[in-house]
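Structure provided below as structure tokens; questions to follow.
Letters A, B and C mark the chains in the order given here, with residues in each chain numbered from 1 onward.
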């Protein structure tokens, strides 16, 4: 046996104390759903982990009513500092139960324990810590004096970072003074249920956070509910479009964090070895199930061969397999449906003339797996260079000049993220200026921080999560007007102004 | 011994030029009492399309100008308006049917509005951007970046907004580096076209502000569904047929446009209107001594 | 031999092959300064990522033995005596008397004047580590500072080789490197390499110590690594152990990347030796992971990989005892030499 076939190093599941079945979390308690109970499985083994309740429209109604009640009677009347203390409590509880949450997430989502342990869960705690401190400082958030909470926030999150996306949504909403009804993705409800237990341990007032599990129809019932004031969604651009339509004409405030097709641009003067690491991290982190994944590698022609050679060499050290093994780099694809999509798009890539290279590794018999894949000879017209694959598939394109790199990078309806690799600072800054993307990573990739706003241009959605901007998405501004000018203009009445702002993007 | 006057032909303003509608159509602009004032161009969907093309072509360069420069350009507009004050007072009072004093107040408010927004050009980024103290060896900065091409429906009330409303929509859009296609007040479009003439003789690059006259009900759906429009300001869309601004928002959802809903009257100058059409861009870079 | 005119570079096959026959100071500078830069944050993150590998059971057992087999058991003190060297040799030959399956270390590493005592103490066990024997490595060239004339450095080297040293650990002139006199550094390495030649025409292996703690930046480390390889180094080595920081995982990773790039370019395999500061088995295993995932596990043999360490072996022995017996051992169960 070779050394590189590291002996199995599985993280123990003994730390988990899962229930066989989880109800909906409404008004501080686990309750039965009215829809049909469904299984949540491990995508690595296809074994059932637990049974999850399904919320129908009536359950959603109950959850929204609980959130409204909690908003009116408790949360909106509580001091900011007390709201903050609850969020600090939650952050600490997440840290205390970090390993348990990491194991549960890897089991349910299929992502490697190395990532849940070192990235997802630490960031969850960081997110609550960051926003906890905002709760009693809202007047400094840049929205003018006395910004107000919106009310009840309806939040729908994806399966790629289940607990982290929950934290991105819940932490700023509660800090700003809103109450929440959140729907986890159908295939990844488990850590949300553990999070509900954490809320009980934190003694968070009943109804401040409600969790309704179920399929897309549950989410639809939630975002279309008449009594929600805010809708926040992370997921595909198609569903985002649908939600934008459903929210149109209502006073609900909307933020959308949608798909991407990020360009990762490597110039010939780049620190090549670190660029290779960044490319790997950009597209193979979390099996490529990342909306901001660097799925289009734009490499300067003069270093194309070197970069691709080094990339393949580096990929050969990636280890695919059991998500709970501490040495696993590539875990399972989250679902059979997603695997099918990745396969179909990869086949399309090959059929359209791109050259496929795949990591030579064994794939477990059971579960959903896709070997890390690189397509070379990809041109901008290929389907795989345009559509979001949301899997471990990299398309390699070339460019000759900085202008060409920018033009190709921006040539997409998406605009979430981008990467730049160059040792030349002036060029980096100029390129960053011209990239139409909400997050630009220069000489790094896929870095996240609660203080750093995240979100897209164009069809990657609108609004930001993280930082002051992420807080503003859950507040109503009292405006910054030019006082001496207001009189001269035909100013609308105060009530008109209020209705106007409630629908701001 | 009154001299025979030379009436002006009011045309569209697209890409720095003043074309007639490609359709050849015009419509009669009158005073509120129905007296003939002018034949204005009745813009078509193809004019709207051309205007979007012009706005897109101008956008990158306008956004690439320094903020100081954009601020000066906007201030220059105020200077030129002041010099042509009499013309605007005349157009407004005749087309809105208001007194010279009321028209004068509107022109003054418009001039002050340009001055107010001009001053924001090199400041708003300091107010809405920030450095972020991320937990790691990174330089991390969030800066606002213009959304791109914005389509706008100017306020449509018969009285009080024909010039001020248009300016209150256009100024916050363009000061950040966006370009705009704006549909003027349908009933009182004359001062809008005259404003476009001011812009053309100031330092505003062609294509940054494109003014269409005609029917918002006809033009807005094309703009709302245009895939190369990034955002929609529906300020004046509230007067369209009942609830039809919602249809515009629905059309805008297809390409995830940013949308500002209708308001009554001229929008009050505010930072909110500036930030409505900017994107926050966050740039990370590694930091190390070694 | 003195180098009066550094631009007149001494020949070195590798450099001539890569840079051409016109081997000038300028050509060397252009080459070194044309190397891709290093992003420190990215490099350190990659090293940190490698350090998270979890090496268990059979892999751990193999790793622990490999650490011992590739160790240069070292004593480099002003207070070294023949007696101290003899007990070092005893430890090198029989690291753990309680367990005869324990491999021998690759070499003992001593000052030049201690070489005769090491050779004598090893006796018949002196030889190639691949054959289960123990080599003698000597630090030379006015170790650790390298601040002496070239004549003295060469004499230092020749003396150690004549006394039976199989390997010479030389230091580069960091002052010359930092002041941009790459040609001088290059020429000195070439000259020392020539001084490693034995009467029979064979050469003692040359390890070139960069003293990365004094070069400070990663860009410098990369350039110095290339420079040493071009000049003919058999091994490149991080540190003397006398300067802090000594070996670090990111520096070792970076040097291994240069070795990998050289191998891809020429097919030649250059060895790597981190030295100084590696005391715990857990750390040493991280180095092995870094080697295996950067240049490949075929590098994990004594001819291509060494640890320069003095106290590391004992920690490895404690870990071996734990693996064998199932319970934790203590420092009184390994020898202190």
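Heads up, the rule we're going with is that a contact is a pair of C-beta atoms (placed from the backbone, for glycine too) under 8 Å apart; a residue touches a chain by one contact, two chains touch by 3 or more.
Everything numeric in this text was worked out from a predicted model, so none of it was measured.
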- Message: Need the central chain here, defined by C-alpha centroid distance to the all-chain C-alpha centroid.
- Response: A
- Interface with more contacting C-beta pairs, comparing B-C to A-C: A-C
- Note on the structure: Chain centres from averaged Cα atoms put chain A and chain B apart, in whole Å, by 35
- The distance between the C-alpha centres of chain B and chain C, rounded to whole Å, is 70
- Whole-Å distance, C-alpha centre of chain A to that of chain C, is 46
- Query: For chain C, which residues are shared contacts with two or more other chains?
  - Reply: 39, 41-42
- Note on the structure: Among chain B residues, those touching two or more other chains are 138, 286
- Residues of chain A touching 2+ other chains? 443-444
- As the complex stands, chain B meets chain C at residues 137-138, 286-290
- Note on the structure: chain A residues touching chain B in their complex are 126, 142, 237, 240-241, 244-245, 248-249, 256, 258, 413, 415, 428-429, 432-444, 447, 449, 451-455, 457-462, 464, 467-469, 477, 479-482, 484-486, 488-492, 496-497, 500-501, 503-505
- Item | chain A-touching residues of chain C, taken from the complex the two chains share | 36-39, 41-43, 45-46, 52-60, 62-63, 66, 257, 264, 288, 292-293, 297, 300
- Interface residues, chain C side, partner chain B - complex: 39-42, 44, 216-218
- Within the complex, chain C is touched by chain A residues 1-9, 114, 118, 269-275, 277-278, 309, 317, 326-327, 423, 443-444
